[in-house]
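Naming follows writing order (A, B, C, D, E, F, G and H), and every chain is counted from residue 1.
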Amino acid sequence: MTNGTPLVGIVMGSDSDLPIMRGAAEALEALGVPFELTIVSAHRTPDRLFEYGRNAHERGLKTIIAGAGGAAHLPGMLASLSPLPVIGVPIKSTNSLDGWDSILSILQMPGGVPVATVALNGAKNAGLLAAQIIGSGDDAVRKKIIAYKQTLSSSVLKKCQVLETKGWK
Amino acid sequence: MTNGTPLVGIVMGSDSDLPIMRGAAEALEALGVPFELTIVSAHRTPDRLFEYGRNAHERGLKTIIAGAGGAAHLPGMLASLSPLPVIGVPIKSTNSLDGWDSILSILQMPGGVPVATVALNGAKNAGLLAAQIIGSGDDAVRKKIIAYKQTLSSSVLKKCQVLETKGWK
Amino acid sequence: MTNGTPLVGIVMGSDSDLPIMRGAAEALEALGVPFELTIVSAHRTPDRLFEYGRNAHERGLKTIIAGAGGAAHLPGMLASLSPLPVIGVPIKSTNSLDGWDSILSILQMPGGVPVATVALNGAKNAGLLAAQIIGSGDDAVRKKIIAYKQTLSSSVLKKCQVLETKGWK
Amino acid sequence: MTNGTPLVGIVMGSDSDLPIMRGAAEALEALGVPFELTIVSAHRTPDRLFEYGRNAHERGLKTIIAGAGGAAHLPGMLASLSPLPVIGVPIKSTNSLDGWDSILSILQMPGGVPVATVALNGAKNAGLLAAQIIGSGDDAVRKKIIAYKQTLSSSVLKKCQVLETKGWK
Amino acid sequence: MTNGTPLVGIVMGSDSDLPIMRGAAEALEALGVPFELTIVSAHRTPDRLFEYGRNAHERGLKTIIAGAGGAAHLPGMLASLSPLPVIGVPIKSTNSLDGWDSILSILQMPGGVPVATVALNGAKNAGLLAAQIIGSGDDAVRKKIIAYKQTLSSSVLKKCQVLETKGWK
Amino acid sequence: MTNGTPLVGIVMGSDSDLPIMRGAAEALEALGVPFELTIVSAHRTPDRLFEYGRNAHERGLKTIIAGAGGAAHLPGMLASLSPLPVIGVPIKSTNSLDGWDSILSILQMPGGVPVATVALNGAKNAGLLAAQIIGSGDDAVRKKIIAYKQTLSSSVLKKCQVLETKGWK
Amino acid sequence: MTNGTPLVGIVMGSDSDLPIMRGAAEALEALGVPFELTIVSAHRTPDRLFEYGRNAHERGLKTIIAGAGGAAHLPGMLASLSPLPVIGVPIKSTNSLDGWDSILSILQMPGGVPVATVALNGAKNAGLLAAQIIGSGDDAVRKKIIAYKQTLSSSVLKKCQVLETKGWK
Amino acid sequence: MTNGTPLVGIVMGSDSDLPIMRGAAEALEALGVPFELTIVSAHRTPDRLFEYGRNAHERGLKTIIAGAGGAAHLPGMLASLSPLPVIGVPIKSTNSLDGWDSILSILQMPGGVPVATVALNGAKNAGLLAAQIIGSGDDAVRKKIIAYKQTLSSSVLKKCQVLETKGWK
């Protein structure tokens, strides 16, 4: 992980979610935002859930990214326990209904307890959103976000040139 | 509530769920199964959730009925915390997506942590299922279930007679 | 099957459902709850359906687990015929609509006839739920449930250690 | 009902389905096809279900129309029990999920046991389909079908004239 | 095809539907019901559609089975043109939305023009339903249906014995 | 209707669709594009359907707008019969499944036979799209489209001013 | 609006969204976070969209809340244009498909351009999430969040007492 | 590309969409309609989006075909910026929800800003629709459309002959 006290906590319900959730870690690493990454299961380790959620802001975290699939309760329970903004990543796991269950059980939180939900399997975007949140109070991080958006644009323009040179066939 | 130590705990996330959840209470009352009924919000009272879930079986409850709507985490979190069978009632609340969110976030629990889910707004059936669960180890309650099923049947047959007498017009 | 008179009946509509439904058998075996397992088709063997449903409780069963896919009528018809709690397992069979048909035709039972529905392909959880139902009236079984939940938790914590030692990359 | 031995049996799970299911009766009446109409609940009167399904063809019925809502098992169970063609009418009842549950639990029957499903609340079309089935072996009924289709067409053409005369404003 | 004047017309929108639709032909062949099978595209051969629909009953057909995928208009347009009962088979083709488009555009016909819809890819059941329709006016065919249902039942019972002999492991 | 030979044909399956479909007429009238409006039912007046579709371009129409609900076959059948661009308006009629059936049976046309589908009940947009199609070969109409888009923008900006003056409370 | 330079920009596609979106304003007002509120339509005022998105962070905003319904492009386009975290509120407007279109067109953003999506009509939660984002870099705001969460909890506990005193009947 | 000033602009959000979108290019090439093809990303190159949308009609284009997946904003934003008819192709990309997100975020445009939506992955039909639009003001192109429809029909009739000769087995 990037050096320095972690500002972002990335958690997931199971190590089987790591192939998706590493996208969040890679995005934060690329932007130089220090983070931690671990497993917290709402359904199998409720004590750990409570401890993680209750203490996250005391330990210096600024935001939490939580990924889960199926009847995904991890993001919402962390949002219940922590005053930090919680980003939820719906995961299309093998036991999910094409991801609809993951999306709805993360997105449709009741009034008073928001979860900032990103696209299905959208862990990379969760990492970027966490950086944007850090960046809303930290100019250095925001400049990196602005630079990142320019690379997005240049990369598309380069592909345009390739297409125009080679033709579509 | 019916006299005697409660055997069933009926909980809901908000008092706005009471018009639906009272169906469970009425079914248990009709079958003479003692129960308790209260509010536990997974998202607004996480400490109460933990306490309720952890202690339910110590207090003599045999099963828990939990109703919730939207990103409904109450039944699943109780199933995480308690060794008792937990019955989940998906509620079609005003902020739910026609109930699909309520159903999927209760039904699609991961391996190891089942929730016995009933139909959308199916609180009456949750009460009957709780009685059947009690009845699986208690002959007096099972006999009441058998009698109840006979009244279901007679009531349909009576309607048949009315229809045949009056005609369908 | 575990020795002793069966307490749980596991039935399925077709032997093609066995690869999923064996999850229920394995869960019960692991918890030492005696069970039986057979095929009952609501649509192809209606006489067998009637006989099974009507006699299950006379034969000493305490709960029935029924798995079916597509327009899945087996769990609901058994719930119609038997006073026992019936657990329904929606199966994502090749001729099902991603499992939506299986879920809705098991879950959405009318008032008076509940089916305790578990997640799509959730046979393992059906087995655990059956054990919890037996355990609600049998302390020895409940202790096994409590121990099982502790192994769930330890297994997650072990994975946390591995992840923290090896890192996420 | 139209005079003569009933050729079509119209059944429904509950008298609350009558406002929809009368559409089938009216269609048959208009075409002069004799029918009977009664209540058979798959879940509340399973004995009656068996008796009705097993004997329908012995009593001279040529086809059965069955309407049900939610986890609708009536049409499929009748198709299991009877050699007659069974027409299923999915009903959008108050406890159904906008009718999706009714449709899927009637339509998605397994190989070997078809149900001829019509549109949600499509009882009128069920009546017409029953008449078409009778008409496939009875020229007098088929002629009435042909005449009926001509009235459909003329009634549209009349509306065209009204529209063209009055204008769309 | 089975000898004799065809009583059933099986049509499909494209030869790519044949791997599914042959299920209808095989079912009719097994029951000895003579049929014809060809291609009629509502969208690519509208003249052929009209001719087929208008003349089917004049040529001696008793019912039509029509299979189509995506925005499937073939069954409904044949039902518009012909007085015969039309059976629709929704096909899950590569350009369909998991079959939902096929189902809804066949099932949800307006009042006056029914299509007898079977399950997604349910061509075998369409064949059986066609035989049941013929059988409603022809005792020899009905007897074959009754015999067929008995083989369904025996085949399940045989599988029960295998399972009980070999065990579920 | 606007004077001049009609360039756009607006058709609908039933006069009950007029309250929605008049939105197309009003949009064309506002932009000064001459049109005709009538009823053509794919299912009830198939002959009229054929005649309308086959002759539309001979009569000088440049595009057809067709609205229908449920298993909506009118737009697709017109697209089958006519070389003109056909715009489909899915209508949320009382017998439709919240409009999903209308959308899918219009949108999901097979390769070779496109329908330009607009939003559910989007008749106004169908009118605008027809004008854009005319405008792609007619500068006067395109200028009206450009002017129309400016009024859209000004009307929003005016609402901004009102909101800023009055405040959001 | 709360005094001070706005830290949050609340925008919506149309003034018809105000009855929903005012929930965001009220939440921010209650927490003392200064904000601005106006109308920006992605489809009707694209120039205003560009200007708002490009300049928001220059004007001192820390986060943007954007509400829209149907094919909702406003949140995603602002996320494309601005380096700030953008919170999207899917609105169930009259021309939306029960809100599914609003949700999916806001949530399912491509890699590189996240939108923090909240529940359907969840404007209040969008306001809270914006405050949490501000609070991640501002201790005073975070303390208000913590206090707010305590009022959520107390309000539920008070309802428990009422329920226990009055009983559920 | 076909010689001559392009009349149709084909754009897509990413070069990963080319395998689908080339269907539009091939259809236009086959009909001899000159076109251009390039990449424009609504989310990654918003400036390019604006420039393309604002100038398309000045450069002589008569219609635009835009393909995109997930939260697909490209077609709708081009429709916002340009007075030309815009054809939207929903793409079932790897990060889309089986294409439902792509369809709804293209189809459900608000009043005033239509997008002519074709089937999921229906790029070929988008090309044909563009040609039909050109053809509504250009007799030479329309004749090609009429000829194309005849080849569709002949190709089906040829398959009929093959099937009738070879039989269905």
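Following the convention adopted for this analysis, contacts are C-beta pairs under 8 Å (C-beta built on N, C-alpha and C of every residue); 3 or more make two chains touch, one makes a residue touch a chain.
A quick note: this is a predicted structure, and the numbers were derived from the prediction, not measured.
J.: What chains do chain C and chain H have as common neighbours?
T.: Chains in contact with chain C as well as chain H: A, E.
J.: Calculate how many whole Å lie between the centre of chain A and the centre of chain C, each centre taken as the average of the chain's C-alpha atoms.
T.: So the centre of chain A lies 35 Å away from the centre of chain C.
J.: Measuring centre to centre with CA averages, how many angstrom lie between chain B and chain F?
T.: About 49 Å, centre to centre.
J.: Which residues of chain F are in contact with two or more other chains?
T.: Those would be 14, 44, 70-71, 95, 97-98, 100, 103, 107-113, 115, 119-120, 122, 152.
J.: How do the chains pair up in terms of touching? List each pair.
T.: The complete list of chain pairs in contact reads A-B, A-C, A-G, A-H, B-C, B-D, B-G, C-D, C-E, D-E, D-F, E-F, E-H, F-G, F-H, G-H.
J.: Touching residues of chain F toward chain E in the complex: what are they?
T.: It comes out as residues 13-14, 42-44, 46, 50, 53, 69-73, 76-77, 79-81, 95-97, 100-101, 104-113, 115.
J.: Which residues, counting only chain G, touch chain F once they are in their complex?
T.: Of all residues in chain G, those touching chain F are 1, 14-15, 18, 22, 25, 37-39, 41, 44-45, 47-48, 70-71, 95, 97-98.
J.: Show which residues of chain A lie in contact with chain G when the two form their complex.
T.: Against chain G, chain A makes touches at 57, 62-63, 83-85, 87, 103, 107-120, 122, 124-126, 128-129, 132-138, 142, 145-146, 148-149, 152.
J.: Please give the residue numbers of chain F that touch chain G in the complex, ascending.
T.: Counting only chain F, the residues touching chain G are 98-100, 103, 119-122, 152-153, 155-157, 159-160, 162-164, 167-169.
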